[in-house]
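Single-structure report; data block below.
The letters A, B, C and D name the chains in turn, as written, and every chain counts its residues from 1.
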Amino acid sequence: MHKSRLEAFSDGVIAIIITIMVLELRAPEEGALSALLPLLPKFLSYILSFVLVGIYWNNHHHLLQVTKSVNGSILWANMHLLFWLSLVPFATIWMGEHFEAIPVAIYGGVQWAAGLAYFILTRALITHHGVDSVLAKAVGRDHKGLRSLFLYTAAIALAFFSPWLSAGLYVVVAVMWLIPDPRIEEKVAEKGHIN
Amino acid sequence: MHKSRLEAFSDGVIAIIITIMVLELRAPEEGALSALLPLLPKFLSYILSFVLVGIYWNNHHHLLQVTKSVNGSILWANMHLLFWLSLVPFATIWMGEHFEAIPVAIYGGVQWAAGLAYFILTRALITHHGVDSVLAKAVGRDHKGLRSLFLYTAAIALAFFSPWLSAGLYVVVAVMWLIPDPRIEEKVAEKGHIN
Amino acid sequence: MHKSRLEAFSDGVIAIIITIMVLELRAPEEGALSALLPLLPKFLSYILSFVLVGIYWNNHHHLLQVTKSVNGSILWANMHLLFWLSLVPFATIWMGEHFEAIPVAIYGGVQWAAGLAYFILTRALITHHGVDSVLAKAVGRDHKGLRSLFLYTAAIALAFFSPWLSAGLYVVVAVMWLIPDPRIEEKVAEKGHIN
Amino acid sequence: MHKSRLEAFSDGVIAIIITIMVLELRAPEEGALSALLPLLPKFLSYILSFVLVGIYWNNHHHLLQVTKSVNGSILWANMHLLFWLSLVPFATIWMGEHFEAIPVAIYGGVQWAAGLAYFILTRALITHHGVDSVLAKAVGRDHKGLRSLFLYTAAIALAFFSPWLSAGLYVVVAVMWLIPDPRIEEKVAEKGHIN
């Protein structure tokens, strides 16, 4: 099967997810600068989630660049990833409104599940393309993905001691991923444009 | 006419439908784990609808893979399917908030109508491509579609005796469809990539 | 300029417009069938608007099929059409909640403006393609578009005497357009697939 | 990397941004014409933002027409632009509800940041394509972009003296950009369709 609709559908869902979070930044009831202050935690949560979801879109983009075709398992592995990403707005808003142990831990739980879903998607793609494919070599052992899962696990535990340290770890994961995956970009560069 | 915009428009509508349901999972007023408990029925309804709408997207994807071109009737048959799918968020939220006979039956009614609309769409496509086309052979007699309509009918009746049994039947339909249609995937595989 | 992004952007905006209207069909506070009754006028408004916006998408689809390229004026003529369509959800909800002279007339006003915007878009496309182009011949004198504007004008005036008669005229316009434009479909059929 | 998904994702996000603003135009509680009056400032804010975001989409469209490929920095420069655009609905609604110094200045601040982000995006594209590329020549020194940033700066300062004059400057920027960029359109015209 062609990958173009999987890309288009994922683009649509991720575009909506990344944009609807901002709907919860409700315009203040008055026009004073001080009225923006209570929105600050929500706004910082929004920035964090915008970046983390943006990272998924970037990596998804890179991953699908080296994908030649898809099958039923890949469609569902992708749907599974979109399911967890669709919970990000809920977790973002809750964390932004209640910066406490449970909401911060739940936020990490959703990110953890999305990270695992992304990992499963890469495996489904490698299985379909073969271990000798450009894709398999480009993804490699995915140390970064496993490291993220480890950091999220630590952040979830930390949330019960200090939500701030926990949120700090989420920022660490974001920074770690912010640079697009050189593994794939190099492989693509080696053989010119794929697609 | 080309099918690409029909695919793009359907992708857009389905992406929005699948994502806006999550907007109704409002973040709790407090940060305790117990505050998530009242959201559980809504969350389970969301998962069910995410999977059912995801199945429509998957099957639509498979169906359009073997489609060569479209005409006016197909555009409207597709619009008719999207209309019923657009009512899924409403039915999901109502069922999630009031797990009682009427909302559970209405949920089944919407799914029943969407199932019928999908069936009509396959017929419009077969009429356009001819009964000897790859598409017609791939879709075949569509036992699975008819079986779903039968199960939804039973579930609607059951809702008045036990909403739980009724919801159980919706899960059965979801599981039945979760595996992408082997009829079409085989036909596509036989003759390589179509599109 | 290529037309593909104009199509994609229009698909996105129309998909959102057609879907967000349903967000206003709020799930009732209780689980009884009688709780659906007060939603009926909103639901009927939704169906009417779904069909009318669906008609725009269909006609836009047909129109862009015979379009070869676009320029700056066409981009803005299209944006202008999308602006008026974006007001349809507002007008739909108001009419659904207050089935009275003013909201029903405003609904007609929005449809009238969208109709005019569509007419302007066809003129911009004909100017760009030349009066001897397939597009110009396919669109012809656009009697149907002018007839719709006339019917909307009548419906706006009628709204002050009888909202029901006025709404009846909106249904007449919908039925009149429901069949995809044979003018363009024939021209496309004559010369095979364009695009 | 191919540019098609960057276009599709941007189209999706911009389509959602431009459409969700209208959700805040809530249908009045009664059916009288006078009930529309309090919506007027919100409606004017909506028109302004629709046009300004529409300008971004148009210019983005023109810019990507002369783009051959993208890299990681471009993906993030684009994401950065979408981030600021995603704040436009918030600023629009606040300004529409509280037409006072701070909300009007914040509106300008968001537009200023989006303008800067667009400027950064053009630089990232020029760096990637080389200073001798069609793109670099088409964009040139981008006087219009710099002039907009200057006008936004002035408007932010003016907001504290007169919100009306400040809003007047936003309209000036909109009018200034409303005509699609002749620099790029000419270059495209010179060498036929690029893409």
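Everything that follows uses one rule, which is that a contact is a pair of C-beta atoms (placed from the backbone, for glycine too) under 8 Å apart; a residue touches a chain by one contact, two chains touch by 3 or more.
Bear in mind the structure is a predicted one, so any value in this text is a computation, not a measurement.
Residues touching across the subunit B-subunit C interface largely differ between the two copies, under half of the numbers being common to both. If you lay the C-alpha trace of subunit A over that of subunit D, the rotation comes to 90 degrees, to the nearest 5. Subunit B and subunit C have Cα centroids separated by 26 Å. Each chain gets a centre from the mean of its Cα atoms; for subunit B and subunit D, those two points are 37 Å apart. Each of the following residues of subunit A touches two or more other chains: 8, 12, 15-16, 20, 23.
Within the complex, the subunit A residues that touch subunit B are 1-2, 5-6, 8-9, 12-13, 15-17, 20, 23, 69, 71-72, 75-76, 79, 82-83, 86-87, 89-90, 93-94, 97-103, 106.
Partner subunit A is touched in their complex by these residues of subunit B: 7-8, 11-12, 14-16, 18-20, 22-23, 25, 27-28, 30-33, 36, 47, 50, 54, 57-58, 61-62, 64-65, 178-180, 185, 188, 193, 195.
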